[in-house]
Structure formats: C-alpha cells, structure tokens
C-alpha cells in the first residue's frame, strides 16, 4: 500500500444536489492512491486547527488534470459550510487517502452494501471494485429524507438490487436501516456486508450480519482532530484479534473495522478505561 | 550560550547544524544534593541534532509522520508520554477546537513500556531524528522504573519527564503541580537513567516556571522544556490542556522568565510554534531548540517545513 | 444560586432581567477579620443590571461606545483602572496582534481620579448601564485613598479592584501576585468603600485562582471577577497581558475552579467572550455575569449584540 | 458633528493603480458623514483582531447605491494584502468615519497640502472643500517612486500649483518633502499647511510651517488596535492647549493634530512617562 500524501488540491467543480454539495477536487497523487473506504483530511477556513474528514466518493478523470477526487459535503457546521461555499479555483490543503480501506473478498461472493446519508459515498466506488471481481452487489441506501439520499439513480447502475429507505418516507420505504436490514440481507444472500453511516446504523448492520452468519465491514465515523494518527483524539473501542479489549485510533486502525470487533455499546463513551 | 556547544557528543548524521542541550560551562554548575556527572565526568549533554523537535504526543508513533515526509530534516522526535503499563486513554470527546487552539484531554493512551520497546522503538531509532522518550506515571516509583528500563534501551538519546500534564489527577497520574514534587520525580529519574540525559518538561505557569526550572535542574535535569499545554477546560467542563498558536505569547513569556532567572540552563521552547518566524522568536529569546506539536495535527509536514526554513 | 437574588437593591431601569452579585445566603458568610455588613445589615449586593458587562480598559470613557450604539442594553460598564494621579501610560508599541488574541501593555493610562470624577463620571452615571469603577495603584494606601473618594461619588454602583495586572511591576504598580497581598488591598478598599460593594478581579491563574478568590472574599469582596489577561510577552519580550478568544478555555477553567471551591461566592466571568454561545458557556459554568473586553476592540457593538442575544 | 457608524460595507470595485489597490466600498451612512482627514477602521481576514485603518480618499456617488467610499490600499502586510485581494462583492465590517478631521480656515486664505504615498489620499477631498471656500490650494505630492505616487493627474485638477518629488527621481524632482517643503511653502504663501504621511515627513512640514509663521495641521498615523478610542493602544505625545505635556489617543484626539502641538521627538517612544 502506498503512503498517503499531504498536498494542496484545487476545487475544479462544485455542484449542489439536494442537501449535499458535490466537490470535484484535483489533488495529484491522492486520487491515484485511493481505495474505497479511505478518506481525506481537509483544512478549513484558514485558522481552524482541527481537520475535517471526508469520504472519497470516487475518482473521475478530468480533462487536462488527470484523476480528480469526488467529495460529498453535507453542510452541518462551520467547516462543512465553508467547504460547501468554496468557489471553483479555491486551493485546499488536504491529506490522503487516509485510514484502512474496505477489505475485498478473495472469492466472488454475494455482497450487501449499506449506506446512510452522505456516508453512502464510499460504497459506490466499492460496488464497482466488487463487480470487477465478480461479486454480486446489493445496495441498501438510507437517509432522513430525499434531499439527503445520495445518488439513488447511480445506485441502479452499480447494483443488482437496490432498496431505498427514508425516515420520512419521502422516497422508497419509510423506515430505518435497522428496520429492514435483516430482510434485505436474507434476500441478498450476502456473505459480506459493508456499511457506512451513523453509529446506530452500523451497530444494527453488524448485529444483523452476525445473526445471519455473514462478515461485516463497518466504516466508523468518530470526531477527528488530525485524521493522520498523530493525536489519539479519536478513540475506537474494539476487541483485538487476540480477544483483548483495547482502544484504537479510528482514523488509523479504522475507519473500516470488522463489525464483530467493535464494542458498540461503549462507542458513545469511547475510551472509558475498560 | 549553549546553542552550539563545542565539546562532546556523538557526530550527527545530517550535516553541520546541530543542537545540543547541556548544562552550560558559562555558569558554575550547582552540584546540589542530586547533581551528577556525565560519562566523561563533564556536563550531561543531549544531542537534538538541530533545533526542530517533534513535541511529545503530537507525532503518533513516528511512522505516520514518516509516511507523509513529516520527519524530513527534523532534529529530534519526542514520543508520546509513556507509562509502565498500557493505558487506553480517556473518554471521548477528547479534543475540541477553540480559537487558534485545541483543547485536549487524551488521558495519555499508550502501549506500555515493554510493548513500546518491542514494537515501536526499534523502528524509531533507525530513523534520522534523534529519539527522546517522554515518560509519565502514577508514582515516583513508576517513573523510576520506566527510566531504569529505558537506560538499557539502545538508541535512545534522552528521556523527557512530562511534569506538565494539566489534567493529571483526572487521569490517575501523579500530581506534580508543586515544584517540590516535580523535583522528586526528576531526581528519581536521573538516578535511574544513568548516562542518559534527562529533560524536564515543566508547567508553563508564568509565575512559577522559573522556580520549577531551578528545582528540576538542581535535581539533575540536563535542561528544561518550557511551554506545554495551558490548564484549560473542555466545553463540558472537564479539565484539559490548551495548545496551539493561542498559547504562544504565554509560552514565550515563560521562556523569557526562565532565561532571565537561570541563564545557564538550556531551554527547549514550545507552544503554538507554526512558522519559521514563530520559531525564531523562541530562539531569539534564548531557547536552544523548539518543539512543534499542534501544528503537526493541522499539517503533518509542519515540522519538516520549519526545519527546512531554519536550515 | 445568586443569579437572581430576591432581596434588596435598587430597582433597575431596564426591564426585568437583572443580575445582582452578592454573597449568597446559601452559604454561611464567613465574617473573617475584615468582614462587614451592608447598609441594611444584610448582604452587600452589587447590581449589574443584566449579565453583560463591559470589561475594564476596553470601553474607553464610555462616550466612544455610546456614539456607536455600543452601550445599548448592556448591564454594567466598568471603567479603565483608575489611579489617584494621572498616568500617561507605557511606551509604544502597546498592543500586538497574535493568533486569536491581543497582547497588550498599555501601562494603564488615565486622567487621575479627580479629573475622572469631574469630567467623565457625571456623564457616565447618566447612561443606562450601571457604573463600576475599576481601580489600581502603587500601594495599599493609594488604593484606599481612591476607594475613600469613590465612596462619596454619586451614582457609582461598585468598585472593582484590579488585582490582575500582568505587567504591574513594569509600570510601577503594586505587585499583588501573592494572594496574601491581594487580600490586604481588598481589605483596605472594603474598609474605605463604606457601603459601596467591592469586586475583586483576581489573576486568571488556574492553580491559585480558587485560593485568591477565597482570600479576597474573606477580606470582604462581594464577588470576584475571574478571567483577566494571561501573563504573556510582547514580541520584543516586554511583559504584557494576553486577552481575546485565545484565552477563553483558560478563563473558563478558572471560573470552574472557583465555582467548585467556593460555591457561595458570586463570580463574574470573562476572557475572550465574543458570541452568545461563549457567554452561555460561562453562565452555565456558574458565572452570574460576563465581561466583554477584546471583542469590543474588534467590533464596538459586540457587547450590545450579546446583550440582545441573551435578553 | 454626527456620530460614526459600525456597519457592513460591500466592495463595489477594486482596481490596481501602480502599487496601490483602489477600492470603492458602499457603506450606507459612513460616506454621508465623511470629512477630510477622518478614516475608517476595517476588520480583516476573519479572525485578526486588530483593525486596519484606511484614509478616506473621497466619496463618489455610485448608481443605485448612493455615495460610496474611495479607499487606497498599499499591500504591505497580511491585512492590507487581504484587502487588496478582495473580489468585488466582498462584505467588509467597517467603522467610521473616525477621528478628528482637518480643521478648515474660516477665511479664504492660501493653503499648501503635503502628502506622501497612500497618505496623500485625504488631501484630495480636502482640496475640494478648500476651493469651495475660496482658498488657494497648492499641492506637494511625494512618494518613494512613481508607482507609489497617488493620483498625480488628479492633482492638477484640484490644485493651482503642483510639486512632485520622488525619492528615486522616477517622476518629478528627486528628493524628499524635507528637502523642498520650505521653498514650496514660501512660493505658495500659504497661511495654513496640511500634511499627511510618515512621521519624519510630518515633522519636517511642521517645522517648516513654524519657521514660516504658518499654521500646520498634521494627520499622524500610529499603529492602531481598535481605532475607536477604546483601547489606549495608540499613544500620541502632545502639548495641550494649557501647555502641559500629555499623551492622547492618536485615533480619537487625532489623527489630525496641530503640528506645533506634537512632541515629535518623543513620537518614536510615545507614551514614555513625561
């Protein structure tokens, strides 16, 4: 695996789709190293010291620039709002790709990909890689509402079967991932489940996978300060391969971890001496 | 002044500009009850390579920085503060952003000394920067035990005793806010460290920093590190430390106080240093080297760029 | 808690939300050697109108703010720290910009008490905010003399003793870094102030702020102001104070320390407060009111906007 | 005199001329209150706390917006560079007009206006007001070089006699204000001299005026933190009307003060107890 880079990128395009701002950012070297499930850490707003993590939604060649990163920003606070408002041409300090990617199966098995809100972003490039390996891909996309449902159209392109749920029922079934995941999983006959979204969603997916005897790979978001493994500010309580409970760095030993290894109940107070 | 002492020390691997911290010959060294002589009977010297040092707890295991080119050209790498046994650290959220600063209470997570010696140190000492191991603990005895084991670890250039944890009590660590207690810890560490030089990182408390520096050097520290986190609070009120550019003027004042009171004591300065201009202000105030911490969390190449700018 | 005490005090002019600082009835008031009772024999109360107060030395003479609408809706105005005789202040440059802060060493320029009473106070007491006069001096006797004259000045609602000057010695002012000395000053001021309530602005030094707060209230202060400038240095090394958002987490920690140690003592908090969210963090930590300083230098309407947001 | 305002302005135009960036800023109410010699205090770069002072170069009606401020920025540091780079449409927090303006003579007397670099800015609107009052206006404009010579063309329009000096001789006479001011003053027969520029220049003008028995009005720049009289960070050592030496605030009791009242020799270490 190649090392990540710290570099200056440039915003080539910025487009509003629903509640999200889709950014195309050229960052030489970063796009080439990308694997689904990794993220970039971006500096925002000149003087803010903590970096903001963003999933890489994809890599797209842009004429004259080489491959560019596709990022999806939900403006929820000062940093993401700042990013969403950047005009084309803005230079961005960014580091990436960071963290552990989704592990790909060695055999062509059936897979289920579960994504909620903007966090569905890394599942689209993952679906492509899985299909390249001959894996059957089912997709469960969830969101609070239609405006925060990521790329439902594209979903049909990358997956054999697509299920959509929204909390308000504005599109697809009304409900949550927790409500439907067991059924969708059974239907997909998946041996590996990949998930990205809020912690309760990931927990529900991991539990359903365990129940069904499937592997799960969960992409866990924890508030980050550096994103590069330097600060130990992103505690993730897990059980190690050796069966010993420990706390790892979500940004470096994660963000993708096996669902059965996460101590979900402690994630709220992650790092409490165990 | 001790910026570039003429005597002793191993030759550096990386060109001519090197920083050694030692008790300067310009001042009669107070022997004190706990003073000690170095291997050659002379001053205890710590070789920092050049004036740019990665601050404790801000450089991960070193590997993450190396992968990003962040160790290039820097003089020394300080580890996170290690304890005898593994620590999982404090609860989340551990870090909050504030104006030009980060408020942090990580609870000093770490693998414990044996695991560190087995899995991290061997790689670290192969890297160009000098390795300084930062230590902390729940008791004087724990500090001493860690120092004793480090004294035998190959490749380590120095020990930094972290006496500046602003939330020590909350995390079950020894409370060394009284300079008297800090001196006890340093004396015990110096005794066990044998020929390994010991730096004491003292609280960046303007009123007492000079006194702290005095008692720890009397207890045998080869130099002091000045300008760690300021005691602050997380938004939810838990005790924590404040680091970053916000604290820079406070750290600079502390360096000035120590230099004025103890002109013979080598001072490594830190606190919010980001640019070459920042670093120069500390060096001009008399620091022999600077530590870079929070700047790395924002830009992992910050120290490498600083080293290049100062070279 | 003393946020909205039921008893005593003059009626406010500006609606229902009013903040009074007094020694709470919830805690037996330590009489102490220098304690005293108020006019009615009850607790000494200072009426701040509402929780938004202009910090000492950041509001000019008041007229400049008034011209810009900057006094609208605020509870109280604190004057710059006045001395018995006129002071021209320190040399230029007096103020430097730093990351999220200002480093300042003005040397406390002022017209002297008599000139202030003749030319500034009569206008000031006609304005809606309550007027608190901040004082400092070169000796205990000078503090006492200023307090004695203020006790007779009409319209003044309280005296704030500035015990938090980080560069006092450089400017020939009394060095009250030892809590013991601070208590002496407060005792003398309280004695001369008669029925005028006295607030003590103590150093925002995490380790000793609770002790300072205790001794000054034992000496008769009606409440403490916590969160003044941090001791820092100007770029040229002269001692100075650091104010502004950079120090906010330190100030908040100080407020927390005092509230925890002395739950019965009213605390006015300050340090970097700019937004309503900032102010709420201090009020949530138990402060009865907040002071706004540096924010006014950047935006003269900052306190007025804060008062509107909290109303 | 009306009170200053604290308001949000907007950059309507930004144009490079030589070394200076000329900004047109609409700030309702501020332009209407302007008198020559006052300045505005501007917030820069989001988080910088000290404000930046700028002379008002003029007030110009802009269609649909009412009167707009003309500002001249020499990019010398982070704040002025930030201002010079602002795109049209940028919103600026500003306060003004601040400080004491140039005092106008009650009689129609001959006047000499001396300005150096960007600081010549307030002299142009002053020249107009003086002409309206029937005063003869001579102008001495100085700069290090041609690129930092302000509006030499416009000078011919507002003044009867114009003298230009540059340090490098790139335009006009080679030399400094100090070299030529006595001669120009004699020629102009001015009874009042107005000056704006660096302290040594002002000192030379004040001395020449005193020598010639003329009044002088000097616009003194001192580093400011607030610009509004709140912080006492801008000490200006003067001799009061009562003959007593004191230190006043340059932003509030100045920036324009009588040249014979300034203790020029102490200005470097202004505020040293006297």
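Chains: A, B, C and D, in written order; residue numbering restarts at 1 for each.
Assume a residue touches a chain if its C-beta (ideal position, glycine included) is under 8 Å from a C-beta of that chain, and two chains touch if they have at least 3 such contacts.
Given the structure is predicted, the values throughout are model-derived calculations rather than measurements.
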item	value
Distance from chain C to chain B - Cα centre to Cα centre, in angstrom	37
Whole-Å separation of chain centres (CA-atom averages), chain A against chain C	50
Residue list for chain C, restricted to those that touch at least two other chains	99-101, 244
Chain A, residues touching no fewer than two other chains	47
Chain contact graph, described as a line, ring, star, complete graph or other shape	ring
Touching pairs among all chains present in the structure	A-B, A-D, B-C, C-D
Chain D residues within the chain C interface of the complex	3-6, 43, 47-51, 93, 95, 222-223, 225-226, 228-235, 237, 246-247, 252, 268-274
Touching residues (chain side chain A, partner chain D) in the complex	45-47
Touching residues on chain B, where the partner in the complex is chain C	98-101, 103, 166, 177, 205-208, 230-235, 237, 239-240, 242, 244-250, 252-253, 256, 272, 281, 285
Chain B - residues contacting chain A, complex	57-61, 64-65, 67-70, 80, 86, 88-95, 97, 99-102, 104, 106-107, 109, 244, 294, 296-301
